[in-house]
Amino acid sequence: MRLSDKSTTIEAAIAGIADGATVMVGGFGVPGTPFALIQELRRQGQKDLTLIKNDANEAGMGIDHLIAGGQVRKLIVTHIGLNPHAVARMNNAEIEVEFCAQGILAERIRAGGAGLQAILTDIGVDTDLAQGKQVVEMNGRRLLVETALRADVALIHAARADPFGNLAYAATARNFNVAMAMAAARVIAEAETLGPLGTLSAEAVETPGAFVDHVVALGALSEEYGIVRR
Amino acid sequence: MSDARSRMVARAAREIRPGMVVNLGIGLPTKVVNHLPADFPVCLHSENGLTGIGPTLPDETADRNLIDAGGAYVSTIPGSAFFDSVVSFSLVRSGRLDLTLLGAFEVAGNGDLANWKIPGKFSPGAGGAIELAQKARRVVVMTTHVDRKGNPKLLAACSLPLTARGCVVRIYTDMAVVDITEAGFALCELAEGVSAADVRAATGAPIAIPDTAIPTF
Amino acid sequence: MRLSDKSTTIEAAIAGIADGATVMVGGFGVPGTPFALIQELRRQGQKDLTLIKNDANEAGMGIDHLIAGGQVRKLIVTHIGLNPHAVARMNNAEIEVEFCAQGILAERIRAGGAGLQAILTDIGVDTDLAQGKQVVEMNGRRLLVETALRADVALIHAARADPFGNLAYAATARNFNVAMAMAAARVIAEAETLGPLGTLSAEAVETPGAFVDHVVALGALSEEYGIVRR
Amino acid sequence: MSDARSRMVARAAREIRPGMVVNLGIGLPTKVVNHLPADFPVCLHSENGLTGIGPTLPDETADRNLIDAGGAYVSTIPGSAFFDSVVSFSLVRSGRLDLTLLGAFEVAGNGDLANWKIPGKFSPGAGGAIELAQKARRVVVMTTHVDRKGNPKLLAACSLPLTARGCVVRIYTDMAVVDITEAGFALCELAEGVSAADVRAATGAPIAIPDTAIPTF
């Protein structure tokens, strides 16, 4: 037995995304954001997208290109305060924005990747974020039903990968990538280094390749991946 | 292993298509790997936390920390990954398992499977069987056609507690390959030396027999 | 800033367990079973325990010592078929046994460790395991409420640790240890090697020490940890 | 930073006890680390996936993949651990965070906290604030005593959307240290040069003033 080869070109990987797709995008700030996959999605121009991401990057970076390009119908996020352009589009009702508590967004994505239908939690039960959510009583406590999130496609940034799609991440670039890499029908990972099978020891793998559909090797990293000088 | 069983195992191995992620149940299903070519592209999953199961090792060279879900000392191959039980069943439940081959006490013509409990006699717990049966994209059973007393295991309805409802799509036995269709059991192939009438007699429910020539294995 | 030292003796760590405690025990078969912590719990003799574990080990091994010693009131497990002694005790109603589907036991423990109250799942909805469980309708589907499990104490086996309680595991010894190490009020880890802070790189840590209360260094491993010859 | 603010930060740093796991909110709370001795045993948590936050680094030596939740380039210390957002908030929600220091728009005498939304003006999303406020074992606020217009931020009831109900137990301001008790606000300490009457005038709800001498910071 041997493991199959899922490496492909960035053009082919992104071409599988249709108009109207729900797309999870890894990253928290710069670390872990798959800037190259996002740029290719910008180039190919798919429209009417729902993006699930922790944040909206900053104006002129990452998914802001997709927002500026009019490709985004809806964002499901935890915080967009670093992107005044996205805030303005939200305030002008040009994009719909659904906010989640940060760990609950992570859990909803994880629940999708774990094949669960929902989680029950007391987080946010006293806040605006509870509005419109199903409530379940358990042992006399009111709990919110937070439904699982799955996506048509997840865009993942890994530090290292092998052709089967086993992934490992750098430092705080894990963030939402780990959960998202399990929660989509089609998982596309870009990797800073893509080595042969065995590059990653079985112990070093953080996302097993069995969850991943396509692996794309990155060449030289664009400026977006670098230090943000303020 | 009897010759009929060996041929059942060899035939069942052809269920596995290139690139699949597959979980092989404990016992007979595990043995199908012996019938795959060395360079066959497949990812075997063990629910205790391994993708890319390599060959079984003798005690002398075994790693005490590396077993499959049946307790056999296995090994890794290039690209294997270790993970915990939470991730392992996330893979199963989220639909990333293309195929599972499971044993059975009873299979019904509607695809119901009973393979974990015999009330009053055998109730050690279901382990991972319920999730495998309910969530693998394709659930295939390997079993002797009748039990040790000669009673049929393919039935109109399961009498034992269910593992999962309507999950089985195909059954490999020592007598036949049987599909489960909207209309119930349907004979597909016969073991060498077994007739359609033999299969019908050994099956506890109606079984459709094709008019055309039936392939043998 | 520096991180605190949580290393202690096995006697002191186990002495914190009270009669009547609920105790999670890592392991799936031999790999990952904390045999030394179990032996110390056998020696100290705490009674009326509820054990949460994947399996009941084999007769004469691991938690079977606690069952044989009459220390166990209840097991919450997925499969005890390899321990005929435990099966006999169950059949004679000498211990209570609650069975879970294996991945659902893992998820219930994980939910406890994640501070969730429950998960909603369709797993086992058509089986005996659904009996007595709360059902929630969501989008017209009947789902089981599987409640979170937390324990007073979790007994964890790690391959490597540092004094802050950062842990790493070997091969298939991860199994239930990773989730259990997050799901108890008091988490006790035994480690085959315990090195100074920095022994484990930040990337190599699988259980962050912030979840762990006590770390015990193992000396020479007992026979129970070895290859099981059949 | 004004002298009063500096002293507030220094005073708040004494909230941190040896061995605690602590999350410091973005902004002023982050600055309390500058007041801890170099060998002080504490584990700082950043919700984007790090325990054991080390010193902030200049751009020249920063690791592009290593930031805190506020986007600052930080470093590791011996024993640091990286993890994903799921594990990070598991730590928060399961009660492993001993203390969080948070900013506030409004705090009520019953411990209610509002710090994430000003309808019509500011609604960028709550990020991790709700879970920190609702689940840290001890939730302490650092804030100026009044807003830029001179309006009190310590109120009888919050007018803004809540972050969490009844979570705050203590407030550090540039004028005072205020506890939240069953009876509401209670003055504990005064900033140098500030009188109890000043604090009462700047507080938008009844505040208990002790009869005895009030320590200053």
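First chain written, first letter: the chains are A, B, C and D, and each begins at residue 1.
Following the convention adopted for this analysis, a residue touches a chain if its C-beta (ideal position, glycine included) is under 8 Å from a C-beta of that chain, and two chains touch if they have at least 3 such contacts.
Bear in mind that the values here come from a model prediction, so they are computed numbers and not experimental data.
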Looking at Cα centroids only, farthest away from subunit B lies chain D
Higher number of C-beta pairs in contact (A-D or C-D) found for A-D
Taking each chain's centre as the mean of its CA atoms, subunit A sits from subunit D at a distance in Å of 30
Per the C-alpha centroid definition, the whole-Å distance linking subunit A and subunit C comes out as 32
CA centroids of subunit A and subunit B: separation to the nearest Å works out as 35
Subunit C residues touching 2+ other chains are 107, 114-116, 121-122, 170-171, 202-203
Note: subunit D residues in touch with at least two other chains are 50, 82-83, 86, 89-90, 92-93, 135
Among line, ring, star, complete and other, the chain contact graph is other
Chain pairs satisfying touch are A-B, A-C, A-D, B-C, C-D
Listed in rising order, subunit D residues that touch subunit A in their complex are 46-50, 59, 62-69, 71, 73, 82-86, 88-90, 92-93, 117, 124-128, 130-131, 134-135, 161-165
Within the complex, subunit C is touched by subunit A residues 107, 111, 114-122, 134, 136, 138, 141, 143, 145, 147, 170-171, 202-203
Subunit D residues touching subunit C in their complex are 18-19, 21, 33, 36, 38-45, 50-54, 76-83, 86-87, 89-96, 135
Listed in rising order, the residues of subunit A that touch subunit B in the complex are 1-4, 112-116, 162-164, 166, 182-183, 196-198, 200, 202-203, 205, 208-211
Subunit D partner, complex, touching residues on subunit A are 28-32, 54, 77-82, 87, 97, 99, 101-104, 106-107, 110, 121-124, 126-129, 159, 169-179, 225-229
